[in-house]
Amino acid sequence: MITLRYFASLRETLGRSTEQLEIFELHTVLSVWRLVNPDFSLPENTLTAVNMDYVPQSHLVKNGDEVAFFPPVTGG
Amino acid sequence: MITLRYFASLRETLGRSTEQLEIFELHTVLSVWRLVNPDFSLPENTLTAVNMDYVPQSHLVKNGDEVAFFPPVTGG
Amino acid sequence: MTVKICDTAFDPFVEIQNFQNQLTLEGKFGATSVFIGTMRDFNNGDDVQAMTLEHYDGMTQKQLTQIIATAKIKWQILDCLIVHRVGKILPNEPIVLVAVWSAHRDEAFEACRYLMEELKENAPFWKLETLATNETRWVSKHINQEIAHDK
Amino acid sequence: MTVKICDTAFDPFVEIQNFQNQLTLEGKFGATSVFIGTMRDFNNGDDVQAMTLEHYDGMTQKQLTQIIATAKIKWQILDCLIVHRVGKILPNEPIVLVAVWSAHRDEAFEACRYLMEELKENAPFWKLETLATNETRWVSKHINQEIAHDK
């Protein structure tokens, strides 16, 4: 089981902030996105994190991971 | 009449902080120093100011001026 | 080294004083460099009446802790404090506070600047502005290059 | 734009707060950059028990006012405050405070740093240290290059 999280404008666009997913094959961050959002390609500039560390979209996910997708950050 | 002022270690070395002087000829900051301190050459790195603005030692002084001599500043 | 996330208004000077009072660095620090980001009532040419700051709770703390760890390797920091506001913010309220204590001025200045730039680059915060017109918009790094230099 | 010379101890955070409270810049400033120089109990490898700060009254204010005028040309500063201590100072007491208010972060950071560097370079202050041994010595820029980078 992996947990997916969406933030800010991406959360609003998708209409949800979190969901859970069983994975049975090798998956990258990008392929997980495609699995759950087949009709909506990952917006350019989206940042991706696994277990709260930034990772590239090619990063392999494993069971228990928290995978997050969000737009460029604008704090401070 | 011009006013001379000395600060910090230079004031301590000379044993006075201020003095007044009549000048009757053209004088630069350096020649004024030599006039009042004939036995003590102006220490290297001494900073000079006229009327509270930094000036080079070649700056001409005139009656009414306040001429100051002091070591490198160390504030802040 | 302390990171605080606040969901209500904070007074940056009270935060610094309270933090400094519990430090045991008397006579050891010669330099304190502080940055405070405050909400303006305008941005990108528009009047703004409020802002909602969303963040990724947990990742924020993790990223800021990593940024501080890197700063400690680069400069001799005696201590530092980062406070960041989340939730609904009104103009003139502080958004972020970064404070660094060091023996020397160069290190305090540079580390404070570094922490602030890295925070803006990596900490997962997002600003939703409510304009004077009641319209809302997500602050973007891309619409206007200005924004990347703001605050 | 305010320059204050204090011959008794001052609280930098109270100074900033009082100054900021009388500003009429609500919602206009997004960035405040602050530097505080504090007396340490060591310098150049020696324990220091006190310091006496001499200055050239009048020239100090004139020089600082000129430095601020130059900074205002270089950066869009909304306001700034410089407070400098003179007289006898004990370890852990603040020596100098520089605070800059601006719309944007870059300007606040850069102007604050500039004011501080120019102050150290041009404002007529001199430090006489009293060491733990009761010996006194004038702090010099030349004995040790470190000193130029201190605080």
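A, B, C and D label the chains in the order they appear, each numbered from 1.
Note that in this section contacts are C-beta pairs under 8 Å (C-beta built on N, C-alpha and C of every residue); 3 or more make two chains touch, one makes a residue touch a chain.
The structure displayed is predicted, hence computed values, not measured ones.
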Any chain in contact with chain A as well as chain D: C
Any chain that touches chain C and chain A: none
Computed distance of Cα centres, chain D from chain B, in Å: 26
Computed distance of Cα centres, chain C from chain B, in Å: 48
Centre distance in Å when chain C and chain D are each reduced to the mean of their C-alpha atoms: 23
Distance from the mean Cα position of chain B to that of chain A, given in whole angstrom: 72
Residue numbers of chain A (touch at least two other chains): 76
Multi-chain contact residues (two or more partners), chain D: 37, 105, 116, 151
Listing of all chain pairs that touch each other, if any do: A-C, B-D, C-D
Interfacial residue positions of chain A with respect to chain C in the complex: 5, 7-9, 45, 49, 52-54, 68, 70-76
Touch list for chain C against partner chain D, complex: 13-14, 16-17, 26-42, 91-92, 103-106, 108-109, 113, 116, 149-151
Interfacial residue positions of chain D with respect to chain B in the complex: 37, 53-56, 58-59, 62-63, 84, 95-96, 116, 119-128, 138-142, 147, 151
